[in-house]
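These are the structures, in structure tokens.
Shared chain: chain A. Partners: chain B in the first complex, chain C in the second.
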Partner chain A sequence: MTIDIIFKLILIASIFGLSLVTAMYSTLAERKFAGFFQDRLGPDRAGPYGLFQPLADGLKLLTKEEIIPESANTFLFLAGPSLAMLTACMTSAVIPWGTYIEVDGHKLPLQVADINVGILFVFGVVSLGVYGVMIGGWASNNKFSLLGAIRGASQNISYEISMGLSIIALVMITGSLSMREITDQQSGFHGMNWYVIKQPLGFLIFLICSFAETNRTPFDLPECETELVGGYHTEYSSMKLGFYLFAEYINMFISSAVMATLYFGGYNFPFMHDLGLSQNVVAMLGVGALFIKILLFIFFFMWVRWTVPRFRYDQLMRLGWQVLIPLAILNIIITGGVVLFFQ
Partner chain B sequence: MYLLQEIIFVFFTLLTLVSAVYMAITTNVIYAAFSLLLTFIGVAALYIFASAEFIGLTQIMIYIGGILILIVFGVMLTNKVGNQPIRAKSINTVSGLLLSSALFTLLMNSIMEINFSKLPWIKNGLMVSGNTTPIIGVNLMTQYLLPFEIIAVLLLVALLGASLIAGRKDN
Partner chain C sequence: MKSLTNRSKLVVNKQMTFMERIYLPVIAKGMLVTLKHFFRKSVTIRYPEVKRLFAAAYRGLHVLKKDENGAERCTACGLCALSCPAEAITMTAAERQPGEEHLYKEEKYASMYEINMLRCIFCGLCEEACPKEAIFLTNEELAPSVYDRKDLIFGKDKLVEKEHNPNGKVRGGGPLTERLYHG
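Showing the complex of A and B:
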């Protein structure tokens, strides 16, 4: 009993640390990739290859003057970034990071909470995520912030629908809402039985929707600097701004993890059961495999950001309501037919 | 372990009640909307305590992720008309208090009289352990198909009506 609790605490601490470190270095990677795509060097002054740049940025944000606008609602102004950070970190609890490791005959699963409605939990947290943007944007008492907040909220609820519909098609195949069970189902065929093969259209819809849910380009209209100054965080400064920017990177990390888990086999990797290694080694290799998948997705997010221009607002709404939702419903019908046929 | 559960339960009950009361008495509309958010979270947590995690998370997704966002939307856009923040005044305090306490007494009485732990469907529910989602799905598609379909048609009609009203072009 105690070993379980101690292990859970260590697990929570290390997941928290890992997501923060990944998010921290994503900021550097983003600038490096931006440099690469635009044929320049990117940050290279702080440490070798600019490796200390995130630390310098963090220190800079911490030491900046903290400004709370006089006409802003102070309580909600502070609640906004905190809520954004909280909801960004919450989803990692249900993601299975690895199979299990054995210590003294105890089976310790590498997952904080294996709840049997894991996917619903992810959606619940995603829908809570809007409030950070909305509260912050409204409390700033600034027209641009409010416009950004409204854009963020309407974009989030629009794309949540097609995201949910694309997941329904997946759940029709898996027959389970538990993230761990879905991952384990993908371990067949030498760890290559990934759901992206059975659900290509569903994955595409899910991918587009995660871009919209994380407010990344081409869906970064809530903070569109050409129209709205800085969007919902125009009035924020110091570490509160840092929280908003950081939450975006954590969100990117988490949604990459969700996509890798649901569609790309999670911690399964090719020939995982054929190598003849002990369970602990396989589990650790699995964690590594999941992280490689996550990093590839993060790279994809950045690749798209520096390649595709931003949508216009009406284009964004049309894509969400008139293209993605009908496609997702079509996907459900096709999946239903195929499931019935093979029954 | 039991004590911890008790503490968490009391915390969420208090969260629900306090935020609900605050929502009723505050004059600031936006505070009311956000305390409604806390009420919904508390109720969802109570559902999860009753081993109905599917209902609890659906509550969060639909009420917090959908309905409340629309309410907050409306409040945000209309909160300041001509630099004058809208204030919700409390009117009919006495009659409202009387009516709600009467309703509370009625509900409380009937809940006490029914004696839930003796009801057959509660006993059946207690035997279900673990994952309730497949059971809910199967029951919705078999035993309760007609109500389910009626609700679906009702929602469709509401949707059509809303888009008709929103899309009407007055000359």
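Showing the complex of A and C:
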């Protein structure tokens, strides 16, 4: 029993650390890739290849002057970024990072909490995330912030619907809401029975929606600089601003993890059961495989960001309500038909 | 109405085709373009380590030339100061003493010669005015940035070249295409 608890604590700490480090270096990767996509070099002065740049950025944000506007609601003004950060870190609890490792005959699953409604939990926490944006934008008492916050809220709500609908089609196949079970179901056919093959349309919808949920280009309307100064974080400075920006990168990391888990087999990798390796080695390789998938998704997020310009607000809403939701419902109907047919 | 430049375009409110309206094909096309750029060599010149050569005709920092014996060419005639539209040049003349022939080419020389780089507009008129081919604007260096404005009044210590250099400096020098960067 104690070994379980100790292991869980270690797991929580390492997942927390890992998401922070990944998010930290995503900021560097973002700037580097932006450079590469534009035939530039990106930041390369802080340390070899600019590897210390995130530390320098963090230090800069920490030492900047903190300004709380006089007319802002101080409590909510502080609650905004904290909430954004908190919800960003919470989702990682239900993601299965690997199968299990065996220590002294104990089976220790590489997942903090295998709750049987894992997907619902993810959705709940993700929808909480919008409160960080909303509260922060409202508490700033600034028109630009408020507009950004309203945009963020309406955008998240619109896209959550199609995201949920695309997941329903997936759940119809899996018959389970537990992330671990969904991952395990994808281990068939030499670990390549990925749901993206059975649910290409569902994955596409989910992918588009996760761009909207993480407020990234082409759906970064809540913070579009050209119209709204800084959007909901216009009034924020110092590390509070850092929290908002950082939460965005953690969100990106988490949505990549969710997509990799639900549609790309999670910790399953080709021929994982045919190599004849011991359970612990396979588990570790699985964690590596999941991370490679996650990093590829993060790269994809950035690739899209530096390619596609921002949508106009009416285009965004039309895409969400008139295209994605009908498509998602169509996907449910088709999936239902196919499931019935094969029964 | 006839346009002035022949370059004006009529605005058309073109409807998007179906392929464009479903976005994905065009986005995929755009992403291929950016991916190509991702692997392309970057055009950045890493500045302090690598410097880009100025154009041959560039007017940069001044230099006071010496002749082939290492004697200063300037005779303190004051024509450069007179021609200078920014009134950036000032000097004091002195008479060459016997035994100083290896230092100064002419019988009169500038004991003090200053260019105020804050005033100078790098027009190159001083170079054109000089009858002795003593002052030139190099195409190699810019006036540096400093913390104190006083440091931008350049005296002879900074202006006179260290030793005779027949082809160094002098604008209109070597071709630029040969070697674009030196570092």
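What we mean here is this: the second predicted complex is superposed on the first by the 343 of 343 C-alpha atoms of A that agree within 3 Å, B and C clash if a C-alpha of one lies under 4 Å from a C-alpha of the other, contacts with A are read in each partner's own complex, and residues count from 1 in each chain.
The working rule: contacts are C-beta pairs under 8 Å (C-beta built on N, C-alpha and C of every residue); 3 or more make two chains touch, one makes a residue touch a chain.
No experiment lies behind these values; they were computed from the predicted model shown.
Peer 1: Specify the outcome, clash or fit, for chain B and chain C once both structures are aligned onto chain A.
Peer 2: After superposition on chain A, which the two structures share, chain B sits beside chain C with no clash.
Peer 1: Between chain B (first) and chain C (second), which, if any, makes contact with A:Val304: first, second, both or neither?
Peer 2: second
Peer 1: Determine, for the superposed model, which of the two partners chain B and chain C contacts more residues of chain A.
Peer 2: B
Peer 1: With both complexes overlaid on chain A, does A:Phe206 touch chain B (first), chain C (second), both or neither?
Peer 2: neither
Peer 1: Check the residue A:Tyr159 against both partner chains and state whether it touches chain B (first), chain C (second), both, or neither.
Peer 2: neither
Peer 1: Identify the partner contact of A:Phe77: answer first if only chain B is touched, second if only chain C is, both if each is, neither if none is.
Peer 2: So A:Phe77 meets neither chain B nor chain C here.
Peer 1: Between chain B and chain C, whom does A:Phe144 touch in the aligned arrangement: first, second, both, or neither?
Peer 2: Neither partner.
Peer 1: Regarding the shared-chain residue A:Ile115, is it in contact with chain B (first), chain C (second), both, or neither?
Peer 2: first
Peer 1: Aligned on chain A, what is the least Cα gap between chain B and chain C? Give it in whole Å.
Peer 2: 26
Peer 1: Show which residues of chain B lie in contact with chain A when the two form their complex.
Peer 2: Chain B reaches chain A through residues 30, 34, 37, 53-54, 57-58, 60-61, 64-66, 69, 72-73, 76-77, 130-131, 133-134.
Peer 1: Enumerate the contact residues on chain A facing chain C in the complex.
Peer 2: Residues of chain A touching chain C: 33, 35-41, 303-304, 306-308, 319.
Peer 1: In the complex formed with chain B, which residues of chain A make contact?
Peer 2: Counting only chain A, the residues touching chain B are 73, 76, 115-117, 120-121, 123-124, 126-128, 130-131, 134-135, 138, 146, 149-150, 153-154, 157, 160, 175, 177-178.
Peer 1: Going by the contact rule at the top, pick out the chain C residues touching chain A in the complex.
Peer 2: 23, 27, 30-31, 33-35, 37-44, 46
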